[in-house]
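Okay, so subunit A shows up in both of these, paired with subunit B first and subunit C after.
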Partner chain A sequence: MPEGQFCNKRPVNTDEELKALLGDTGGQKYYQEMKALEVDTALLWSTIQKTMKSRIKTWLSICAHCGMCADSCFIYRVSNRNPKQVPAYKIQSTLGEIVRRKGKVDNAFMHMAMETAWAKCTCCNRCGMYCPHGIDMGVMFGYLRGLLYQQGFVPWEMKIGAGMHRVYRAQMDVPNEEFVDTFQWMVEENQEEYPRLEVPVDKEGADILYTVNAREVKHYPEDLAEAAILFHIAGEDWTVTSEGWELTSLAMFAGDWEACKMQVTSVYGAMERLKPKRMVGTECGHAHRATVVEGPYWAGRKDGQTPVPSIHYVEWLAEALRTGKLKIDPEKRIKVPVTIQDSCNYIRNHGLKEVTREIISYIVEPGYFRDMSPNREHNYCCGGGGGFNGIGLYRRQRNEALKTKRDQILATGAELVLAPCHNCWDAIRDLIEEYEVPVKWSFLKPLILKMAVVPEHLKPRE
Partner chain B sequence: MYAFLTGPMFWLSLAVFIAGLFWRAVWYARGLDWQLDRVAYRAWPKEGARGAVRSVFRWLVPFGTRGWRVQPFMTVVFFLFHAGAVLAPVFLLAHNVFLESKLGVSLPALPRFLADALALLAVIAGLLLALRRVALPEVRILTDWRDGLVLALSLAPFITGLLARFQAGDYQFWLLAHIISGEAFLIAAPFTKLSHIVLFFMSRAQLGMDYGIKRGGMKGKGMAW
Partner chain C sequence: MFKNILFATSATEASDHAARVAFNLARQYGAAVTVFHVLGVPTRGYSQVVVDVRTKESVQVDDEYRAWVVEEIKNQHGGEMKKAPQAVVEVCVGYPHREILRAVREKKPDLVVMGGTTGGDSVYKKALAGTTLQKVAKAAPCPVLAVAREAASFWGGFSSIVFGADFSKASDAAFDFSLKMAREAQCELHLFHAVDVGATLMGKIMDQDTIEGQIRESLNRIRGRYVAKMGDFKNYTMEVWEGIPSIEIVKFARERNADLIVMAHHARQADLEDSPMGSTMEQVIMRAGCPVISVNRLPKA
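For the complex of A and B:
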């Protein structure tokens, strides 16, 4: 069975393989090899027989072909309502067809399925809300991604991302020491302004275990400093872990369920070792979805819960503002028209719509908040979810998909977009650049930091 | 012929309908898998039930969900079709007279004009659904012969029943055609997409449990369908 050097059915498990794969710039050789990759049809069919249970079988078989899902899909809407972008069509012509053919599909079919699974669906799960039968095509696309990953038909960046989690237990090549060093370095940088600022590492029994996105360590270390300062100002008893600190999961986007489990069990291990009262994760949507919402199931936890209660940064922030741990200087509240991006992964898929509005009530001058339309759980994907942002092969399609969010933002008249999610933040940055949209965008931490009142005893002595 | 259709064939089709749909519901529930579905069904029965009930009932109400509100034409046609499809056959006086003779029990009957109107509206709505399938590109691309068959199976008992009821042409002929098409519907239900008669409730309840237990049901106000 021909397998390429880079493009094959084997996951990336070592640093050498990872570096070699990264060395294949843009995945040129990888995609070349994919053209000759054989489909293991027996494996495909036996996997389906083992893992496709009544829920997905029923979804595929009772779809009434009514087309009510069409308009729910932002990619259908930005594709001039191309019928081939109707969610039911997309899943029936890929997963549905694989099942009808009992796994007997060829290389060209798998290429088509790969493009459909990663460039025509961001797994935002919006269509599931508009189907009378409750058929969630986003969930099915997640399942399809798993089948495609197993067969080696996965975009280059996704294979690398899953490999990163396997090798580093992080979405980027950030070793544990680098995480701790970077956090400590960023804290030291700010000790002049906040003399007693520190980052407690591996402290047992703290109130809060804080987990991050490896991108912050690698590219946006100021985010770590902001998190530390806000916990410091709020007087929180917090800690980070030297192992199991990564909240994200590109493995989830890739459909590499084994790596998903490896990743979340590293975080759960930290929870069990340090026994914090609860975990707070950074401003990231898919990371919350992976570690808090889906992760317990990958790890085989029957109650569907993480070892300690785990919350998103917006939940902690709303609570800190509500209880007065963090106080906002009313003079410094946001006084420009502002909107917020509701992230699919924790608004639609984890019900946090009210806490984000609560935060707004504290930080935005009354009268300046403009909600997008539609909003909350009915909001559209930013355009870059589910890994779409990171896949070079599908950059053109991703840029098209950004138009939905661009138009939603422009319709609000906002000058500032709050984006408490890494994926949304990236997509909004890219749409601003691609379409020259005159707005600013931001995570919450830097904004809160500018308007929070620093208690006297935490200020430097003159 | 009439005796056979209203005797053994009636019992057979009713048995296939009830046992078949019951089996599909049982098969569905037994196939739910907390780990593969990623929903902790057993750990959170109360939250699951709440999510399931909300998910089913909001969708049973015309314009009760955003999905219904944004597609008003479909909503009106859909509910007219289903109101007729469910109410007319179950609460028709003639059917209940027949049931009384067979089982010794019957259900309350609708006034004659209401039953007529429901049946007629169901036929009109069914034809509009067929038209929608052909007219809208996003529905046309999904449509295959099975969808046509299911719609024909659903409409045939209404059309033949109305023709018999208003004695258009040969009453005996339309009555037999009505009984045959009705029994064909009952027999086909468990084996076709008509199985949504029960699987709609199962599937909606499942997604409701998913949202009720895992995807935010324990946070805030719950899903605004």
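For the complex of A and C:
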């Protein structure tokens, strides 16, 4: 059975394997090997029989092929309304076909299915809102990705990402010690301006356990500093954990179900060990979906809940502004036309649309906020969700997909885009670069920090 | 004085003059040098694509590419690097200011040397306000020496040091450093302050009595805050002028044939973003005819 050195059905479980896979620049050899990768049809069919439950079976069989989902899909719309981009077609021609053929599909079919699953769907779930039957193609593509991953037909970066979670319990190669050390470094760097700033590590029974995205640690730790300073100014009793601190899940994007469980179990372990009153996660959309919305099911938690109540950063921020823990200097409110990117993963899929508007009511001078059209739960994906941003093989398709968001942003006339989600933030940066769009974009933390009132007793003496 | 120098280079012409100073200092003090270059910005989320800071191209960074960049750096600074054959070249991926600060934290150099700004089209500019130099100078625990101009000549020894005073806590650390340098090099130390009659007054004109009053007061503050700490060190002058501080200090340094300017750079993050022309320190670096060292804090005991 031709299993490649890099492209095979085995997950990446060690640091050596990770480094070797990373060493295959751009996945050149990986994709070459994929051309010869055999499909284990027996395994594929037995997996489907074990894991495909009544919901997906029903959805596949009741689809009326009415085409109502077509216009709901932003990729269909930017693809000159190509019928092959209609969500129902995309899922029926891949997952539907695998089921109809009882798993007897070949290498060429799996290549097509891989491209469809990762380059034609971002799992934004918008189609599910417009289907008269409520069929959610995004959910089914998430399932299909699992089948593809098991067979080794997964984009190179996704296999690496899932491997990172397996080896490091983080989406990047950030060991636990480095996380703690980086957070402490950021705090030290800001102690002149905020003299009693600290990062309590592994404190039991704190009001808040704060979890992050490993990229903050690796590339822009200023984000950690900003989080610490805002908790400090708000007078919160908070902590971070030295183990289980990563909120995100590239394993979810990759369809590596086993790694998904490993990852969220590490976070839940921290919750159980430290017993905080609740968990607050950073400004990340898919991370919230993974750890808060879907994770409890991956971990087999019968109540479908995280061990302690868990909220998105925007929920904490809105609450802190509402209760006056954080006060905004009215003079410093945003006074340029500004819009907000509604992240699919916690707006459409977790109902937080009014929370972000509440934040805007505190930080934007009245008259300057311009909503995108459509917006809230009807908003389009940023163009880079579901792993699309990270996959070099599908860069061209991703850049095409960015046009929807580009045009939405331009239509608002906004000069600043608030993007409280890492994926959206990346996609918006890339569309600004790719299409030379003259706007700025930002997470919420750095903006809030510039306009928050620092209580007198927390200011430096000099 | 300097045993461990971190030379952070953009690997472009903007760092050539800094290279000369870094290696001249290394030769004079017998210091170890790490040539440190952040080759690109990590981009597109968790993808392995990096935008190379010099070529502006999207590249896949692997060992081969790193090795190529190291060779490029050796080509760029080859002539200067001969002065310190033990120098090590290191390259990494990330946002330059953050990676430089990370390297400073790990290697604990006693001096960071940097070049001038690489200009407004830098690939980093878009995501983060302020220049790399501003950010490094603000947060570094050690002195940061910057050289932007070819005219900023420095061939080894120090004979005349100008300390630009602003009477802040950070400025105290800059003074301590100036005095230590001057004692060590047995050279002149010029204590200087400029009364700001320009930009910060929003067009208001100060009357001459007020200006002269402030000059007298500043001289008294120099005596009380700095001269009082100098003990037996006598080879100093003190002077207060009025004008735009960054211009006055450059003029003063030229007049005293200074080969080093020392000052504090303690702008807040918000200040960095709101001043597109940069801080006083950046203005001085851009204009000065000698290297400029920024010192913000006393070395940790």
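The rule we apply is simple: the second predicted complex is superposed on the first by the 462 of 462 C-alpha atoms of A that agree within 3 Å, B and C clash if a C-alpha of one lies under 4 Å from a C-alpha of the other, contacts with A are read in each partner's own complex, and residues count from 1 in each chain.
Convention: contacts are C-beta pairs under 8 Å (C-beta built on N, C-alpha and C of every residue); 3 or more make two chains touch, one makes a residue touch a chain.
None of these values were measured; they are calculated from a predicted model.
For subunit A, the partner with contacts to more residues, out of subunit B and subunit C, is B. Of the two partner chains placed around the shared chain by superposition, subunit C is the only one that A:432 touches, whereas subunit B remains out of contact.
Residue contacts after overlaying the shared chain place A:309 against neither subunit B nor subunit C.
Of the two partner chains, subunit C is the only one that A:25 touches; subunit B does not reach it.
Judged by the touch definition given at the top, the superposed model places A:392 against subunit C, while subunit B stays out of reach. Contacts of A:134 after superposition on the shared chain: subunit B is touched, whereas subunit C is not. By the document's definition of touching, neither partner reaches A:175: not subunit B, not subunit C. By the document's definition of touching, neither partner reaches A:455: not subunit B, not subunit C.
On subunit A, the surface touched by subunit B in one complex and the surface touched by subunit C in the other have no residue in common. Interface residues of subunit A facing subunit B in the complex, by the touch rule stated above, are 51, 53-55, 57-59, 61-68, 70-72, 76, 81, 83-84, 86, 88-89, 92, 128-136, 293-294, 296-297, 300, 302-305, 348-355, 374, 376-378. Interface residues of subunit B facing subunit A in the complex, by the touch rule stated above, are 27-40, 42-44, 55, 59, 66-67, 70-71, 74, 78, 133, 136-144, 147, 193, 195-196, 199-200, 202-204, 206-208, 210-211, 213-225.
Touching subunit A in their complex are the following residues of subunit C: 42-49, 60, 62-65, 94-95, 98, 101, 105, 126-127, 139, 168-169, 268, 270, 273, 297.
Contact residues on subunit A toward subunit C in their complex (touch as defined above): 22-23, 25-26, 157, 160-161, 171-172, 185, 189, 192-193, 215, 218-222, 250, 384, 389-392, 395, 422-423, 426, 429-430, 432-433, 450, 462.
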